[in-house]
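Look at the two complexes coming up: chain A is in both, with chain B in one and chain C in the other.
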Partner chain A sequence: MTDSTESPDLTRRGGLTRLKEGTYGGLFAACAAITLLTTAAIFVTLLSDAVVFFRSISIVEFLTGTNWSPNPAGGGQAFGIIPLLIGTLTVTITAAFISIPIGTLTAIYLSEYATPNARSILKPLLEILAGIPTVVYGYFALVYVTPALKATLFPEMSTFNALAASIMVGIMTIPMVSSISEDAMSAVPDELRQAGYGLGATKFEVSTGIVVPASISGIASSYILAVSRAIGETMIVVVAMGAQARMPEVQQALFGIPFVNPADVLLQSGMTITVAMVQITGGDLTGGTLPYNSMFALGLALFAVTLVMNVISDIIAQRYREEY
Partner chain B sequence: MATENPNADGFGEVSRVRGIAFEYLSFGASVFGLVALGVLLVYVAIDAFDLANASPEWLLTYFLTLVVPFIVFCLYSANDRDVTRRALVALGGGLVAVAVLFSAIEALLVPIPRLNWQLAYLFVVAAPVTAYLAYVGSGGRVGAVGFGLLGRLVGGAALGLAVGTLFLVFDSLVWFLAYTLGVLPAVGLYAFGRVRESPRARTAATPVGLVGLTAAVFLRDVIATYPSDLIIYLWTIAVPVAAAGALLVADRRGRVAAAAVGGVPLAAATAGGFLAAGAGLPAPTVLLAIALTGVPTAVYVSRVVDGGEGLAGLGLPLLLAAGAIAGALIVEALGVPAPNPWLDASFLSEAPSRTPSEAGLYPAIVGSVIIIAMVAVLSFALGVGTSVFLEEYTPGTGPLGTLTRILQVNIANLAAVPSVVYGLLGLGLFANLLGLGIGTAVTAALTLSLLILPITIISAQEAIRSVPDDLRRGSDAMGATRWQTTKNVVLPEAMPGILTGTILALGRAIGETAPLIMIGAATTVFRAPDSLFSRFSAMPMQIYTWAGFPQADFRYGVVAAGVITLLIILVGMNGTAILLRNRAERGS
Partner chain C sequence: MSNSTTDDSLITTEVQTDSNDGREAPAAGTAVAARDLDVFYGDEQAIDDVTMEIPEKRVTALIGPSGCGKSTFLRCINRMNDMIEICRVEGDVEFGGKNVYDPDVDPVALRRKIGMVFQKPNPFPKSIRDNVAYGLKIQDFDGDVDQRVEESLKGAALWDEVKDQLDSSGLELSGGQQQRLCIARAIAPDPEVILMDEPTSALDPVAASKIEDLIDDLAEEYTVIIVTHNMQQAARISDRTAVFLTGGELVEYDDTAKIFEDPEEQRVEDYITGKFG
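Coming up: the complex of A and B.
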């Protein structure tokens, strides 16, 4: 930015000034280095304990095991991630069913239909949804949403269930979808819209047939980011979903096609990867035990998944962006 | 139109239904989340203040003594016939509409739990109309003065309480020495250098201050006798704040006004402190709260009186206080049954308990304040340093440019790492490897600082980037070095933006729970922490713990009160950030 400070040095600067310059430059560089160190520290911390864990439990056993019980009262320990994956997927997919359609429609409304006045009010209000502490959302899900659903739609629902938690995760991630998608839609040049109108298209056709396809890369990357946020979400599920790692019951439908009753997964308690991590913290935290190390293995899995998703989202946003 | 020509195969036949339906659908989607959140917030407020048990007479009394005068004040300030008419129509029409609609729903469809039409009216009509009128009223001079005064009173008191809380953990004796030996001489030298235009005195200020601070740490245990805490706070905080207030006023209004602005709050604070000490209250906190409330208020009042506009606005706090007292008296006199709110003074000042009615949030509030104070310092320093490095010190091209891009990508990725993973980092690195202790305040502060660092950096970068390049060029042209340009030109211009971003990020940190669980923060502590290395709890942590209790009184009462406390603090922080940003935008 400030290449011009390398202009000829007209006043001869004393040693003190130069020392001062060097000191401050070094300080700022050190601050910047801390961000790199943080990433490195996350990698090393997760990896070192995860490696210890994988010495006792093989990676295959970890990835294919269907039983998760790190602190059993009587029987043997088991560290299979599959039930946790099912829990996480349940929450993520259900939340996506809420955040993706609502977020996309919101983005379309904000970028195409809303008056500037309405947009200037709605946009900051929507950001509030992402700013509410997640433990508060979890409390809402447990204390208000679950009883309301139980009283109206699903009388057989258990107190801790995946559905209420997923609804709250979905509402929380709406602004993530809407703000990034809206940025992408607003970046579509007006000429394209005018051309659409020139061909006789209605506003609806321009919005859905021109603006959305033209900004599809931004929209897609916003979906991935929202899903990645839902995967890493902890407090809502910890408070509202309970902590029961279990495999859904596979039933036989006609002609022996196996299927899982969605109500069995959604209306009952379950456990996500993040819940499993939080549950282990109830025990010994000084390190060295197998459950302690398993926490880092789970963290590594979580970190890897979210990192990969962010990178993919970045690539989609960068590479498949239509340049106008 | 199109039907006149049936041969055209529907050419020109455009259905408006689909378009209109889509527009309303998308509008509905945009407000869906907000409406859902609004309903939940209404319920949590009802639970926290036990409004479901409030009798209609009680609601009416306070509506008449508190809300109506406030609305009248706003209307007076707005001074707009049109606004007045619309407000009255909304309030009156809303009353009828809500009453009829609510009764109809209750009678025909489903009973609505824990709501009656009076409460529905308050939340659906009265609250939004009042908020709108407050917004309109703040546009007028009277309203601006009233809200400005109210903000200083509330903000000053909150600041005073927060500073008082910090001294529960930080050693007040070290601070006393550091202030007396380091801060005071350094500031004095600097001011002397400014007034006498002596650069040497100004250069000497920093080393003198550092020497004083170091001496303070070493002398802490050498010196045996210290003044009492009350005297220390009076000398190190109340007096300098009062002096600063007096200096602000002295330029424009002369010595008498300056002496009044500095002296009156100082005297009030001293008197309040000693009275509180006599009454057995925490005297230093009372002193700090009065001093930090009084001085900004006095400066503001003096300024308003000087300007001579909107003097009526100064009556707003009195109006509200009188309304509250009148309401209480009427309720008392008529024997109206009052609700028993969960969120009251004892909730904020007592320790947690297994008994719902005795449970309090005090230790958790103290823990949160201490952590947030440390996070604020750490993330601000690191965030500004990194963003200055990225924006001012590295060129866009060459090997350093590549490094900048790597740093940039890295920061973006760090921002997306789940908070629970940061918790693992804190547990593995700070708590166990570095030995800072499991569940201590230091570990929590370091972990949360790293968590919000990417957000702080990104917003600080934006603020620095928005400083016009012309200013930098001008500074360069006068021969300033890079650091001088940064210090004298870039940072002052970007500071409001940086502060706004930092406060918003702190709002994120204050609500984070997952990392605290991971580093082993205590679920419940019964005493406020007294050192940085003692076990602590934080507000969200306590909410999480209580939410797990099965009793209905906890679920629907105590937790709701905790949630409302947390949200009020969040709203206060974010409101401050937005005010800062608006003021900076108006200034430039």
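Coming up: the complex of A and C.
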């Protein structure tokens, strides 16, 4: 190497190469910009049409109203989001009670217990579960889950009900929790497991005491995604839960503390925010009317709910973060 | 595990009758013994018919070129090799008179008696306190945890540096401190043997020399078995040295002074003087 008398060629590359490099950079930046611009455009559209809506209906009335009837036959429109919010939260929370525990335990099994063979079969299978069209889940809920629940546990259940829809939304989001959590757990360095085993920890102790805490931020983000997906889920809910915006009966418990019988919410029909939006677009709808604009107010509310959920999950993830 | 008077022991836990025992230290009992040990990874033999007795409360160094099986041997002692599916062990490894590969031995219980320190410092992403207390927690230790944490950190020569930050993450420490934290974590449950797999190879020379001093102190209470690539390190810190050469063969095992000054085997001399490996 050193005996070469010729100095190496260090001159800048020709204009064409530099032009190509610059073009690539621009292309990649443009793709990134599309996502950003779309998000911004959606937000601006939501906001501007919602503002028109809030000129007619006050924000307080929208947020505290307990009656949702945008297109009543007789007249007397009402735009109260509370029954829709109850519907959305019922589905989301019930679904989370299914998807989070089952998804997390599945992820622990896949990451820590399954043999490579079992994992290579199970993981793609779970991902197929995520690929089933949601309308299929919806009909499954309506045609199989509801009759089964009716025949066994809840004879008084209505044909369209929140419980069956929530169960199916929960099952639909299991792969999201398990797949992303499993990725996070598999990324935990093996040295940490070795340290645990070296101290005489059992597999269970290593999994729950070392691997899960070390990957909690990845696990939490899988929960965020699953919950956000459940909040936005429309098809399953339209098919299996019906479209009746109803307020549960608020009862007075001890000391006058108001409470709602969960059965009153879960076993009855209901309506979520997304379904309300679908219903409005389903009617003969002309732009600029109040029901039309209410759609954007609902969209904004949905956006806000998702944002709050994300922020809360983020705080939780930060709080329990164990970086390795 | 510790109480193993009932099993038909093959090993003598009595005085080591070593012909080269010219050192001042009194002869010690045997902590760990291998008998006709063969280890295979699939079809490949990693340990070839090794028989050796490791004295208690001494530092025993395992040296040899890469791939000679010294780490494999170390991991047979606490059965960490169990986790490698293709690994197959034949022969006996005795600890306290009991073959650790007997079917009735629970590797979890075994590892609670044999601590381990790894090549790369691997503290848990937890606080310093929780790191040291981890072994106590999983063993349902019912004594004073804080006191044991303090003793262990003192034992690992780390207490003075971290006593005001026990709740901060173990990962905020420097590499050398992390390795001493791992040593504290290993000695907290009060094991009988500490296995060290090249514990200083990822550290700078100053941090490494602190660990070496520490190993010397540890041998007062524990049996230390250390795998090292560094022959000077083996010469400095160990009482006994075992030289493994390619193919997992234990070529020579003797007092460290004897190995480094006057080895019996030409191959060992070649290796130590750098002609081979």
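The definition used in the following text is that the second predicted complex is superposed on the first by the 262 of 324 C-alpha atoms of A that agree within 3 Å, B and C clash if a C-alpha of one lies under 4 Å from a C-alpha of the other, contacts with A are read in each partner's own complex, and residues count from 1 in each chain.
Note that a residue touches a chain if its C-beta (ideal position, glycine included) is under 8 Å from a C-beta of that chain, and two chains touch if they have at least 3 such contacts.
Predicted model only: the values in this text are computed from it and were never measured.
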{"item": "First (chain B), second (chain C), both or neither touched by A:214", "value": "second"}
{"item": "When both partners are placed on the shared chain, which of chain B and chain C touches more of chain A", "value": "B"}
{"item": "Touched partner set for A:262, first chain B, second chain C, both or neither", "value": "neither"}
{"item": "Touching partner for A:189 - first (chain B), second (chain C), both, neither", "value": "second"}
{"item": "Which of chain B and chain C A:202 touches, first, second, both or neither", "value": "both"}
{"item": "Contacts on chain A seen with chain B and repeated with chain C across the two complexes", "value": "202"}
{"item": "Of chain B, residues touching chain A in the complex", "value": "14, 16, 18-19, 22-23, 25-27, 29-34, 36-37, 40, 43-44, 381-382, 384-386, 388-393, 395-396, 406-407, 409-414, 416-422, 424-425, 427-429, 431-433, 438, 450, 453-454, 457, 469, 472-473, 476, 479, 481-483, 485-486, 507-508, 510-514, 517-518, 520, 540, 543-544, 547-548, 555-556, 559, 563, 566-567, 570, 574"}
{"item": "Interfacial residue positions of chain C with respect to chain A in the complex", "value": "78, 80, 83, 108-113, 115-116, 118, 120, 122-126, 134-135, 137-139, 169, 171, 182, 185-186, 189"}
{"item": "Residue numbers on chain A that touch chain B, as the complex places them", "value": "1-5, 7, 10-11, 13, 17, 20-21, 24-25, 27-32, 34-36, 38-39, 41-42, 45-46, 48-49, 101-102, 105-106, 108-110, 113-114, 122, 125-126, 128-129, 131-136, 138-140, 142-145, 171, 174-175, 178, 202-204, 207-208, 225, 228-229, 231-235, 238-239, 274, 277-278, 281, 285-287, 295-296, 299, 302-303, 306-307, 310-311, 314"}
{"item": "Contacting residues of chain A [partner chain C, same complex]", "value": "189, 191-192, 194-202, 205, 209-210, 213-214, 322-324"}
